[in-house]
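Take a look at these structures.
Two complexes follow with subunit A in common, the first pairing it with subunit B and the second with subunit C.
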Partner chain A sequence: MARSLKFNIFRYNPQDPESTPHMESFVLEETDSMTLFIVLNRIREEQDPSLQFDFCCRAGICGSCGMVVNGRPSLACHTKTKDLPEEITLLPLPVFQLVGDLSVDTGSWFRELYDTVESWIHTKKAFDPTAKEERMENEVAEAIYELDRCVECGCCVAACGTARLRPDFLGAAGLNRVGRFLIDPRDERTEQDYYQIIGNDMGIFGCMGLLACEDVCPKHMPLQDQLGFLRKKMGITALKSFFTK
Partner chain B sequence: MQTIYTDVLVIGAGLAGERAAIEAAQAGFSAICLSLVPARRSHSSAAMGGMQAALGNCDKGAGDCPDVHFADTVKGSDWGCDQEVARLFADNAPIEMRQLAHWGVPWNRVVPGKSMYFKGGKQFEKEEKEENRGLITARDFGGTAKWRTCYVSDGTGHSVLFTVDNVCAQLGVEVHDKTEAVALIQDGQTCFGAVARCLRTGELRVYLARATTIATGGFGRIYPCTTNAVICDGGGHIPAINTGVVPMGNMEAVQFHPTGIVPTDILVTEGCRGDGGTLLDVNEERFMNIYEPEKQELASRDVVSRWMTHHIRQGKGVKSPYGEHLWLDIRHLGEKHITGKLREVYEICTSFLGVDPIHQLIPVRPTHHYSMGGVRTNKDGAAYGLKGLFSVGEAACWDMHGFNRLGGNSLAETVVAGGIVGKKIAEFLQGAEVTFNSAVIDAEVKKQHERIGNIISCKAGTENVYKVKKAMQDALHKGANIFRSEAGLTECVATLQETLERARKVGLKSNGKGVNPELSAALKIEGQVKMGLMVAYGALMRTESRGSHNREDFTARNDRDWLKRTLAYWKSDADTLPTLNYEAATNIFHIPPGDRGYGKSEIIKADDVKTTDKG
Partner chain C sequence: MSVPLTANHKSLQCHRWDGVLDWAQMLSGAGLITFMWMHMILVASVVISPSVMNAIAGFFESTGLAQVGGPLIFLLFLAHFVLAARKIPFRLEGQKTIWEHAKLLHHTDTWLWVVQVVSAMIILVMGAIHMWVVLSDLPITALKSAARIQSGAWIFFYLLLLPLVELHVGIGLYRIAVKWGLAGRSDRKGLKRGENLLTLIFITIGVLTLIRFWFLKG
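On to the complex of A and B.
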């Protein structure tokens, strides 16, 4: 006997003067292999075509569909209903600007981050199209990719105590981004350069160590290790510059 | 009304669009990319497998060069590609891989020493040379003579897209995400930019540009079962089609991927088979080794998909509530390989299917995957029909893929073509003076405001957009799939024509205020049905089988009559069918039409094809 599922969904359309923030309930019969991707599209197509939410790849790769599912920031596309109780509450991710209903603006938030941490390889070398590529040990490449896997869904930011208190906090995603360049031999920035970016409360010293970021990361990024590594590295950098002054 | 001016407007912010924008920015021009989603969520990110480029660094790639890559690409296309373009691509691909390495892509590298690999379920040994230590390595993909596919674990698209978007941020290429182009601004001669709808507020905006580039990827969502992301809905093609003067090339050339998972049609990468995975039937027995003794599971995608469908029709499919399927077996690759090099596959199976591929078989079926067709351009990426309009990537029919593209060639095309076309755009801008006519701009804005108003007020009718969409998708699934016939395609065209009438009567159920998703769907539906008609009618008229286009009533590849490309126009709004013209598939033959070496080899020969020595 299929379960009847009740979805309590946050509704608000900021572009409609008559709309006010409220919760609305929808009931659906559960089907095999049902995910929240299937649920939300069915509600939109069968019950309320104005319902706003974001999906793109629907395969856990692109990071579009972050939302709070029964209190926990998650990717909706790979959340299976069989793992949830009969009553399910869906809220938009906090911290990010609300677009409407379950849709938030992660794009602007991350774009600002790229500028803040200068999220690109800093090198004085010019590309030579006639030369062979510079060599790199495969292990180094794999270590970089391990940190490059972040899909910027925003779940870690939504679950972060500091991010809720300080709008300028870089969050685990931003700090991990810096860590990615720090271990990349092609990036010529020094530890001092990185210290200028994250050696403060907006960066690594703002982290309170609550580590919900690691708990909710849908890509299982090693955020706890990464934050610990950066804190140590930046702490040592601070001490070094203290003694060399 | 907000009006934004830029030198280059790129519609789409995936790999092709951003790569082209980088070239323009490096030449000193301003560039803005419009995107439905933040750039890094573009569908390029989902391409897991890799990019083909003849670097020849790894042991199994030894002796590779652009000539061999070119030959594989032409064979793969079933001689439907433009050989000049395929050559341009193969020659530039190695340089582009190195460019990406310079920008920060963590390509997997050659590790010297002996290691084991699987082919067709059997284990073999290879040895990488010390002298190649640390150079960019490659994996095996279908339809290639050498191991040529450069990769970053199984997140190649993701990693390259992040890198390219980083370079965009560095160079000041703006990305206006949550923005949807709804119409081109043009006077029948020249393109001046686009009218776009902001998906944060629902308001219209005008983008004026000296060069406009369509780079919105594929249009798989006109089919019900596709590996494509939900944003791959033809949103960039429709404004071009609606001009009446820009043709779509080879829309009937649609690729089906052998391994979409059942039921959600999420793609598992060809890397599974490249690394030694096998296909099994209901008796858990292999069959590709019987149909294709040489290439086996690694024949090109059209061939594997066709044999899978054939095998299911022979009663060898596995029955399930979601229809029949076959099995993909990667168990023998072992836990380390599956959770390492194929981690994304492991995650997809466990998260979306509840299947553990280390111990269990993966249910797969051929599903819509790639659109070889699109906005027809010349080799510079300039669209036919409008000055100042370009197109690049899957959205375009640049035409290096012809009637079937090889795995690893499309992701490579995005950046290689992006670089080439981007340079051509920059060259075009050096000499381009554009006079913007406010009457043309105002008329287009007024037209779009009226169109939106009419859909909201249900002026033409109250057809439900989602029902109309389903009718379109079902018609294409039924009639324009892997195997095609005159009867099936005729019925498909007729159904789509009825659907077109309904699409013109769509009205909203909701109020249409702000970022209304029903309105977004409604604005596209008529254009999508037109695209469906281009696919089905083009397929009906093409009385041969070539690459992914398979006619059960015309089984031979007919080089005598069909060594040509379809150009589909939608000349007038009131039309109910596209107007089809044809042009030569290629003006230069480096390789004359021949046998692919896999798949069937029934060919009606052309008498008068002359080979040109390669330049």
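On to the complex of A and C.
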């Protein structure tokens, strides 16, 4: 027999002066291979057209459907109801600005982050559009690709105790981003340059190693290893410049 | 087009301090753990025989290690507190945030951090009291320790301090290993199990030691 599922959903529309933050319940019959993507769309179609939430790819690629599912930041389109109990609580991701109900603005946050960490290849070589692309070892390309898989959903940031305490913390996604350029041979930045960006408590030394980021990342990004790598690298950079100046 | 920013500046002044402080925090913690292990060897030796403990204490005494090392450890203890306290939310707002966060997330490692911070604050007070009492009444002998543990409420004091310190040490070691990349993704589970086992073993040795002191009569 199909389960009857109860969804407690956070409701608040900051645009509407009448609106106050509250929880609202919806009941839905479970269907085969039901995901939260299907649930939320059905609620919107059948019960309340004003429900706000974000979706795009519904395949775990665009990263827009991050929300807190029974306490755990997850991608709604990736979450099957059969893995959840009968009562399910949905909250918007913390840290990010609330657009309304379950919809948050991760875009502005990531944009600002990428400005801060200068998320682009820094090179003094002039770009020659007619030249052949420079070659790179396959392992290096694969390692970079591995770190580029992040879909910017913000789950790791919402799950991070440090990010909750310090609004300026770059979060695992931001640090991972820096790590991606650090191993890119085309980027001419030195370790000192990277130290400028993440060698502080806003960056890698702020991370307290709670590893919630590692545990919630829906793309299973190697965040623990990445954070350990960066701390070691930046720690050594700090010591080097401490003893040479 | 790429717009080089940091790469264009020749010699940017580095904020070395955050990195150095992070090292200092880790090393102060590791130093205290090393001390705690030596401390465990000293006091647990009473289980074998009070005279073994007296011999070890006598060695520390006659070489001056107790008189000089004791206060140094106390300084290290304070230094570690000051360094680690940079991460503790002392304002109610932050405490509420992290508490709500931990409750919502159901995530073991996040709770472990809360345990680490709460145990730390209690260790700060109780550890200071313990060190004061011991260091102001040198030399250390098995009989004096036994007399203290048998008097008043001291047994409860130590029965509380012991598990708090062992928890803090166990979590601290685990955290150093994951933060500094000494343990990778695949090692994490085993590391945690090892850490729990170690904590349990140390608490057991500690309780045995306290029991021995409780029944040790002059």
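Definition applied: the second predicted complex is superposed on the first by the 245 of 245 C-alpha atoms of A that agree within 3 Å, B and C clash if a C-alpha of one lies under 4 Å from a C-alpha of the other, contacts with A are read in each partner's own complex, and residues count from 1 in each chain.
Basically, a residue touches a chain if its C-beta (ideal position, glycine included) is under 8 Å from a C-beta of that chain, and two chains touch if they have at least 3 such contacts.
What you see is a predicted model, and the numbers here were worked out from it, not measured in a lab.
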Three-chain arrangement built on subunit A, subunit B and subunit C clash or fit = fit
First (subunit B), second (subunit C), both or neither: which does A:Leu211 touch?
-> second
Should A:Phe127 be classified as contacting the first partner (subunit B), the second (subunit C), both, or neither?
-> both
Comparing subunit C with subunit B, which touches more residues belonging to subunit A?
-> B
What is the contact status of A:Arg231 with respect to subunit B (first) and subunit C (second): first, second, both, or neither?
-> second
Touching A:Ile197, do we find subunit B (first), subunit C (second), both, or neither?
-> second
Return first, second, both or neither, reflecting whether A:Pro167 touches subunit B, subunit C, both chains, or no partner chain.
-> neither
Pick one for A:Val68: touches subunit B only (first), subunit C only (second), both, or neither.
-> second
After fitting on chain A: smallest Cα gap, subunit B-subunit C, Å = 6
Intersected contact list for subunit A, partners subunit B and subunit C 118, 120-121, 123, 127
Residues of subunit A defined as touching subunit B within the complex | 13-16, 32-33, 35, 44-45, 48-52, 54-64, 78, 80, 99-100, 103, 105-108, 110-111, 114-115, 118-121, 123, 125, 127, 129, 131-138, 140-142, 144-145, 148-149, 151-152, 184, 186-187
Residue ranges of subunit C touching subunit A (in the complex, touch as defined) = 1-7, 12, 14-16, 18-23, 86-87, 89, 94, 97-98, 101-102, 104-107, 109-110, 112-113, 175, 178-185, 188
What part of subunit B is in contact with subunit A in the complex they form?
-> 37-43, 45-46, 48, 95, 97-99, 101-104, 106-111, 133-137, 152-153, 155, 158-159, 162, 165-167, 169-170, 175, 177-178, 199-202, 229-231, 263-264, 266-267, 321, 344, 347-348, 351-354, 465-466, 508-511, 513-518
Could you please specify the touching residues of subunit A with respect to subunit C in the complex?
-> 68, 71-72, 91, 94, 118, 120-124, 127, 159, 161, 164-165, 188-190, 192-193, 195-197, 199-201, 205, 207-212, 214-215, 222, 224-225, 227-229, 231-232, 234-235, 237-239, 241-242, 245
